[in-house]
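In the two assemblies presented below, subunit A is common to both, partnered first by subunit B and then by subunit C.
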Partner chain A sequence: MTDQTIIAAPPDVPATAAQRGVGRHLTGWLLAAPLAGVLAIFLVLPILTIVVVSFWGATEFSIYPAFEFDNYAFLLTSDVTWRVFGNTFKYALITWAFTLLIGFTVAYYLAFHIRSLTWQIGLFLLCTVPFLTSNIIRMISWIPFLGREGIANSALLSWGVIDAPLDWLLFSDFSVILAFVHLYTLFMVVPIFNTMMRIDRSLIEAATDAGAGGWQTLWHVIIPLAKPGIMIGTIFVVTLVMGDFITVRFMSGSQSANVGRLISNDIGLLQYPSASATAVVLLVTVLLVIAVLLRFVDIRKEL
Partner chain B sequence: MTTIPKIRYSRRSILKTGAAALGASTLSAPMVWGQETKDIVLRQFGTGVSNLNDVALQVKEDLGFTLEMTALDSDSVTQRAATQPDSFDIADIEYWICKKVWPTGNLQAMDTSRIAQYDNIVGIFRNGKLTPDSTIAQGTAPHSVGFVEGPGGTDFVDTESGWMTLIPTIYNADTLGIRPDLIDRPIANWSELLNPEFAGKASILDISSIGIMDMAMVCESMGEITYADKGNMTREEIDATFAIFTEAKRNGQFRAFWKTFDESVNLMASGEVIIQSMWSPAITAVKSRGIPCVYQPLEEGYRSWGGGLGLSSNLSGMELEAAYEYINWYLSGWVGGYLMRQGYYSAVPETSKAFMSENEWGYWFEGKAATDVITSPTGDTLAQAGEVRDGGSFTDRMGAVACWNAVMDENQYMVRKWNEFIAA
Partner chain C sequence: MERRPRSFYVLTAFFGLFLIFLYGPTVTIGILSFQGPQGGLTFPMRGTSLHWFRDLFEQQAVGDIWGAFRRSLVLGLVVMVTTVVVSVMGGLAFRKRFAGSSVLFYLIVTSLVIPSILVSLGVGLIFNQTGLPVHWASSGYGSQLTWTLPFGLLIMFAVFNRFDRSYEEAARDLGASPWQTVRHVVLPIIAPSLIGVALFGFTLSYDEFARTLLTAGSYNTLPLEIFGMTTNVTTPVIFALGTLTTAFSFVVIGVFLAVVRVMGRRRARQGSDAGRGLV
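Presenting the complex of A and B:
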């Protein structure tokens, strides 16, 4: 509305230019306001609440406003916290490595080996089929498969590969990471595939013409150009794994802990301040990780 | 459902309502239930064991009002009772949860003179004694948190004061479940849970307040620790208990820990676990899949638990009357029979008898051999003729309770230790 009226005004009056600037400014603010409002109410406010509550105190069944560092003191001095954070990083790192390897390979195959666009899209959609079922179901269906009398063990037994069922297939770090990789590889495939599709094919031809071998092209041309996709995928996977608690609970048979489980246990026991403190520390940790990742690639520039 | 009464707000229904209200003010309970009874909705929440849809259906049929049920796990139940008093009218909670929640003032005490069957409630819930000469077990025994001094009382009293915190509804004695087909020797002690023979095939439940009690039973049975009160351990006792279990965990004793009923059933039925802490209906669930499973009575006795109905302090007027009516109905037998046919016990067993066949009463309560097939309320076969209930009769089982589920003074410390144990 304002824009239209201003445009309709005679252009030769000097005051209009300033007015127009103000109007534009205002429009910009107004356009941004709804999203900013939504984010403020549903993102910033809750996080602030969590930060505030993390300084509160708790009794058995209630929490009371206070400003004390007890929660953080306990959290940061307990060796359980360190071990659990270590475990969380371990899961994130190993899952990241596997999802990257698999995700990159799949994306590479789709982008460079499949020639027709129809097939590319078709196969890409095929990758997303498992996502039609719930996350939890995809995870839990591993349990009967990997169990002591599960399909994996009975198959291996009947082939004579093993003599006794392998216990470490289920309720172990192996099964946790397997489930993570299964659940989150697609989050790697999508962004990497996306950036690969936008690589100018003539660059690869140029590399070949210049005498580069397959691996050299991959290392010096494709990977650097696919970096933004890798980075976005990495951020997805790392944040998802670090924030997860249900996969770890089910796939480790409750025997392993990560930070998410600490928080969920605290919430279950009404220890909201302690849960908040842990959540704040986790949030800061994840933000730091992302900050470091962003040092490697300027996503805004690359996109 | 909700639209129908609205449409019927005719002059006649208003007159009727008025008449019923008049009746309510002049007559003492039991009331003349008028038209508006149908519009009363009581919101009940609790653990899955007794929040059964069949109960809600029967309430609608027998009493006319609507009972909305929400089933949650023990942690969520505690949380809700303590923090969201407006979200419920009736809390179906365990006695140890009551100890935790009562000080918040979210529940109101009940006048026992309005409970018709009060005098027939099992002694465990009144003076703590099953029979006059039985000893009171350790832990949060129900009678110790069962009474307060008056309607607004906040402190528990030892005597039958006439004001009850929870009306007992359901209770049982828990022990270890085993797979007799995979363990070919008798199991008689709690210490077997940590026997290296079962390394990688044992499990314990990951609900700290209950798990710690099972742990204590095991440690005491091993002869490692003697507790002054398993339901109220000192920090040293807690540390010693976790030291033993952490070592066992590191040595790969446990296959998994379970948190929900279904998990315990699946662990046992799949053969991942052959000895574990278990709840009675979980055994039933495993058995109904045709897999042998025994709720093994052990020399040291049972770890017991009990639940009851508590009234929200927000309840008043017609809703409060309805709640009393509901509680009296609860104790009058139908629910008791339903629960007892699942292997639980009801607070007033005599009234339940009328709702059970002689065979069922003999099998579940008296510990006699079944004379015919025993089926669950939902129709699954649970036992064949000639079989005897694990642990025997009511007095055998409830008379051998070693401790009650409890919440300790050092609960917060214990919980932190529990978290360490899980992360170890």
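Presenting the complex of A and C:
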């Protein structure tokens, strides 16, 4: 990604170099124009609209342009908001811990214990295929497992582990987090596997030769080198969980709330200004979290 | 063959459990969708039948799922083509720094991490306020692109970061124009990755829910239709639909993988095509 064009140009013809400079920008712009267009219309403009509308007012039936801070004042002084944000962070943190643990272990196994490349690719694909199927169906498919008369309860009952069916398996925080882990562990496996595959194997041999045990090699060599992958996975999981509204609604049976649900409830009531204000606060929160995480990793280098 | 350490067996068991965790539920609803007509949403199976699949094909049984499927299919294909073209162009653009390239890069990252409901809400609001009707082929299409394009571009970045520039230099030294270099050298080399981008473009669109929710208008895409069913359908018909959709996804993935394999084989068989361009 350096300015090779310019460096390659002979130093005694500055005009050509300058022309190439302009041409380089022009080609770049032309090639990037469709991308920039899509993002301008369907990403930047919507965000700006949300910010503007968050200052608007609303009646029961309509919304009207205004510049008032009522939406934010109501939002930030309400107990519900703080509780719901707390809940959102709770989901994000617990899901992050589980996906990291499982994702790291799986990636480690694939990268260091599977020796043939064909098997590595095959098993890796097996891990990524569910990502390309429908999330909603993957959520639905937990129902026969977790329900009162589901597989889990009947198995536990017949083994004599419990006397009465467990109620908290489905439509609870437990099922919400289970679904999150089920849906999003792939987002940890893929980037961590990717960085692990690029670790120079001779470093591990060197660690072994120097007398490091398996755990020492893992802790002092592999984990530090896999950190960029861990960070990218973390960004994925944390933002997906924080921005979610459908998993929480479906898997908690509408009994738990997170910020996404707060927004979608307001949308359902046509209270767009208040939905927008919540959305702005959520976006700022998510971006702050990412800004912190990005301090640990340069994404552009890691692709 | 050298002996495996004990950790290998422990981790193999862990990986096996992970795969069961990953696929178990899907397999379960696959089995349950063959419930007998009296069967419920969980085991035991009360006989086996194709009853619930037949139900899907009867028009009145549930909403307009076949219409929804057709719309999702068309939308998926259009999103796929757009994603491939725009990602390749974007990938080529990002090989050299241009004024504004880092802003654009951060926009791509934002597009990836922004909570989906914001896109849904924002696009919905724009169409609402300007009086345009929301429709799956306009607002829905654009909203889905904000989800598929970042993935396509990430793949392209990864591809071009590993791209050996000496091929292009060779083409240039032989007198190829920039367009000829792209057309006859760069594109053939990156073609297998484009299949990957296409696969992502199609499946992510086909399964997309959150960004399409407020932007699809009155005609639902398939995931929206399925979600609608979750609230009012309490029979295994929803499992039958889930099984069919998942099977369809598997077929699509299989086709794409087969194409990549065939391309790889053909490439290996033909080996070097040096001199072929000469007449």
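Quick note on the criterion: the second predicted complex is superposed on the first by the 275 of 303 C-alpha atoms of A that agree within 3 Å, B and C clash if a C-alpha of one lies under 4 Å from a C-alpha of the other, contacts with A are read in each partner's own complex, and residues count from 1 in each chain.
Assume a residue touches a chain if its C-beta (ideal position, glycine included) is under 8 Å from a C-beta of that chain, and two chains touch if they have at least 3 such contacts.
Just so we're clear, the structure is a prediction, and the values are computed from it rather than from any experiment.
Colleague: Touching A:Phe171 in the superposition: subunit B (first), subunit C (second), both, neither?
Modeller: first
Colleague: With both structures placed on chain A, which of the two partners, subunit B or subunit C, ends up touching more residues of subunit A?
Modeller: C
Colleague: Looking at the overlay, what does A:Ala257 touch: subunit B (first), subunit C (second), both, or neither?
Modeller: Touch partner of A:Ala257: subunit B, not subunit C.
Colleague: For A:Asn265, is the partner it touches subunit B (first), subunit C (second), both, or none of the two (neither)?
Modeller: Once the two structures are laid over each other on A, A:Asn265 reaches subunit B alone.
Colleague: Mind working out whether A:His220 is in touch with subunit B, subunit C, both or neither, as first, second, both or neither?
Modeller: A:His220: touches no partner chain.
Colleague: Tell me which partner A:Val53 touches in the superposition: subunit B (first), subunit C (second), both or neither.
Modeller: Only subunit C is touched by A:Val53; subunit B is not.
Colleague: Is A:Arg198 touching anything from subunit B or subunit C once the two structures are fitted on A? First, second, both or neither.
Modeller: Neither partner.
Colleague: Taking the superposition on A as described, I'd like to know which of subunit B and subunit C A:Leu43 touches: first, second, both or neither.
Modeller: A:Leu43 contacts subunit C only, not subunit B.
Colleague: Overlap of the subunit B and subunit C footprints on subunit A, residue-wise?
Modeller: In subunit A, positions 143-144, 147, 149-150, 267 sit in both the subunit B and subunit C interfaces.
Colleague: Given the complex with subunit A, which residues does subunit C contribute to the contact?
Modeller: 4-5, 7-8, 11-12, 14-15, 18-19, 21-26, 28-29, 32, 41-43, 85-87, 89-90, 92-101, 104-105, 107-119, 121-126, 128-129, 142-143, 145-146, 149, 153-154, 157-158, 161, 199-200, 203-204, 206-207, 209-210, 214, 223, 226-227, 230, 238-239, 242, 245-246, 249-250, 252-253, 257
Colleague: Which positions of subunit A touch subunit C when the two form their complex?
Modeller: 1, 3-5, 24-25, 27-32, 34-36, 38-39, 41-47, 49-50, 53, 102, 105-106, 108-110, 113, 123, 125-127, 129-130, 132-138, 140-145, 147, 149-151, 154, 182, 185, 214, 235-236, 239, 242-246, 250, 260, 263-264, 267, 272, 275-276, 279, 282-283, 286-287, 290, 299-300, 303
Colleague: Quick one: which bits of subunit A touch subunit B in the complex? Just the residue numbers, please.
Modeller: Going by the criterion above, the answer is residues 60-62, 74, 78, 80, 83-84, 87, 143-144, 147-150, 167, 170-171, 249, 252-257, 261-262, 265, 267-271.
Colleague: Name, in rising order, each residue of subunit B that touches subunit A in their complex.
Modeller: Residues 75-76, 78-79, 82-83, 100-101, 103-104, 200, 203, 206, 208, 249, 254-259, 266, 270-272, 407, 411-412, 415-416, 418-420, 422-423 of subunit B touch subunit A in their complex.
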